[in-house]
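Look for chain A in each of the two complexes below; its partner is chain B in the first and chain C in the second.
== the complex of A and B ==
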């Protein structure tokens, strides 16, 4: 059901399911998978369009998966079902009509392993769900002006594959996070801050690069298009490239 | 379908059943009286909410339950734990936050659980338990294991959406579920006569298509009889029941509560209504048990509770490193 409706059952998710194992001293398992539909794009107004992944990512005890394509959806779903921890399985509503090659046989995509969707040496773009596709469109446009973007799809926000993101940023020196959620306390702020902090810690000094974010505006989700589009992503990349040039 | 049952007697229980019931109630009372004393000493972390005065509810319901069955509890959960067979040594250590506790010290008073005993946890969320037992009852129904699930909750929780949704779902799914509304008159400091829209909580059962029963919560036999009917109906596929148990809690909402919201109704309850006194009078006057038998249990329970406190105080605290474990099975 719509991720916007999670408020009516949030106690069961974040006070009960997420905490049983910890509160009961490791004696409990809560192997539940909650499927939910997220994201804007249907012009369905403020109560059917939200991108609340960060709300669940914030809660210790929960795992959060958000596949960007049908192949990943199958592998992540099988992993989620076999997992003994509670999983929020977030399916972007604008991806149901997309297709991908999906094998008949069972396979698992482990949680916490990002997918490098596109390789490039000039800038790292982290995007999730529908934004992976939008970022790919932007990358093609940027390639025309000589900027090669590397696109990373984390696949799961909890756990988050920080290592793959850092490896890419070590190479490119620039990070753009594409997120269609609200700007404060979002996946974008989290990935940017986590990457920056971790890299600074390793180098023993402040990073020489600055992450850029492309959240949507700060308001309830309007019925018109406000989520990051190709042009906005390309603009953020150009800003990052110019900053570190 | 709401009704008040005639007061039953002890005649239908065997002497062993009566002894077990008395032992459970006496253990709860002594456990809670002792936690009350020890909490004042300052060594117990967090909050504690004591069940003294309400013993007949947990004992009367859980006397019908076995290994197939599960219960969900409340912030006032010690009595439910004891009645469902959770070891008091582990419980006391848990309340003290020690590594030998039921939950290795990570839960405390409000989260004591023993899944191996079908005790799904005390619960820090008012109205947290009823949804849990719908899930457990649904699992038993699908497995066909004959199990029933019981949610104990308070008059405050009876107003929560989660409780009302659970009552509805239990009937819609025809679940082997029993909802025990323990109405002690106050949700924290708010009187149930003010906060509950109906005269009685049991009145709400009709709205959800299930039987609703009111029982005197100071009377073990009244609770036992009502719960027996409900458990039998649930096991036979007859669906859920709402039982409202009315009584008075002997201590405040939490230890430290000044109780400015209520007159001194506790002294009267302790003197004239107390479940342990009434039980003793009932079984000894009827000749099923002797006072000596009950005195013997009193002595054994006092020693057991004392041992639990001594063990809890002597037990090691969890290592600091343990604070960050058990968040996930794997991550």
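== the complex of A and C ==
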């Protein structure tokens, strides 16, 4: 169902399914997969367009997957079904009619393993779901002006592959996070904050890198005009590049 | 001879099933140069791998059509070769025709050869057959550990274009074949190849094997010498006790791009040949259900006590009366070049069929 309606079963998800393993000393498992549809783009108004991934990512005991393509969707879904923990499987509604090469055979994509969708040395763009594609369009545009963006699709927000993100940011020195959700307490704020240290635990030097975020504006009606688009992403990247040149 | 017959076209090659276009990186020759067959003429990059195109024609290079940086479909005319007395106007006409063919998009369509499936001993084997079926003893190509039929991308198509039938298969547990390898022994793999020849009604074949595939075809020749016209062993397993066991184990266990990429680099003399797509394709294969188990089983066939090679290929070949050619990359880091074995050294790592494809092709053809 729409992720917007998940509130009707928050207790079962947050306080029961997510906690059973811990409440019963590991003797109980909750091998449940909840499929849900997220994101804006269908012009389906305020109650059918939200991007509430961060709400579920916030809760320990839940795993959250948000594939950006058909190949990842199959591998992550099989991983989710085989997993003994509850998984929120978030499918972006604007990606249902996209296609990719998908093997007939079964395969598993491990949770917590980001995909480096595009390699580049100038700036790191972290994007998930539909925004991976928008970020790719922006990256092609930026390549025209000599800026090579590396795009990382975390694929799962819980667990999150922090290692791959940090490795990339250490290399590029610049980070832009593209997020469809509301700006406060979002994937964008989380990744930007998490990345503000190096893998060795040291703080990044302010002068050498800058995070920029492109969440949409805070709005109860998450529709087209307030959404991160190609131009907005490219603008954020240019700001980051100019800041730390 | 009419001029049209004296004009030869250098075209974008098809390296592997999935190749649709190639990007021109750099020309090694200039207009006015005289080129010979086998000369390195241009570096081409595909989404799978970068390679050097060797000339299949000879004569003065009259015109280069494909600019460095351009992305062109398979079959596109890249350059024109013709004797000096063919008038410029005729060369211009060929260039115009070539450009029109690229612009029309006609080259991007066409019938793609598709891999097929066949049942062998209860296992599903995927294979790709190219070239005419009635062309005498076919060439059958057997890949190495963790490889698949795409290992032959620089060899299979040129053999077919030369009028030979060339068949590449995926061993059990590999590529698009079924992932059950049984005990994973050399015997099981060799029996599968013999059964595959029977299933395709191939009475006799020239067998070409790389690495593990070299040991497999040696075992086929031992068991059924009558089915084997010749053996071409490319960096075959089982000639020295030494082997990069860390590579083998690492390949079997790697589950991420980060783990896999440095390992795959060891296969090549020039690590720059390893593209993201090559590593991604290997990862996609490794994630398939059953591959882990298959690779672990076959690893036990390759590695014996003290991390030395468990297979003794010369012992298998002793007394087998079949012509044998051995070719080795001089920079092989996986299985070192053995002493005291008659072989051809080529400039390559463990993948001569990719890094020195022209020489490998020449050696295979010499047996046909």
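Following the convention adopted for this analysis, the second predicted complex is superposed on the first by the 230 of 245 C-alpha atoms of A that agree within 3 Å, B and C clash if a C-alpha of one lies under 4 Å from a C-alpha of the other, contacts with A are read in each partner's own complex, and residues count from 1 in each chain.
What we mean here is this: a residue touches a chain if its C-beta (ideal position, glycine included) is under 8 Å from a C-beta of that chain, and two chains touch if they have at least 3 such contacts.
Being a predicted model, the structure only gives us computed values, none of them experimental.
Applying the stated clash criterion after superposition on chain A shows that chain B and chain C can sit side by side. Which of chain B and chain C touches more residues of chain A: that partner is B. Look at A:60: by the touch rule set out above, it reaches chain B but stays clear of chain C. When the shared chain is aligned, chain B comes close enough to touch A:16, but chain C does not. Once the two complexes are laid over each other on the shared chain, residue contacts for A:116 go to chain C alone; chain B is not touched.
Judged by the touch definition given at the top, the superposed model places A:26 against chain B, while chain C stays out of reach.
Between the Cα centres of chain B and chain C, as seen from that of chain A, there is an angle of 120°, stated in steps of 10. Of all Cα pairs spanning chain B and chain C in the superposition, the closest are 16 Å apart. Residue ranges of chain A in contact with chain C, taken from their complex: 71, 75, 103, 105-110, 113, 116, 119, 164. Here chain C touches chain A in the complex through residues 179, 255-258, 276, 284, 287-290, going by the rule given at the top. Those residues of chain B that touch chain A in the shared complex are 101-107, 111, 113-115, 121, 123-125, 127-128, 131-132, 161-162, 325-331. Residues 8, 11-12, 15-16, 20-29, 60-61, 63, 83-85, 112, 159 of chain A are the ones touching chain B in the complex.
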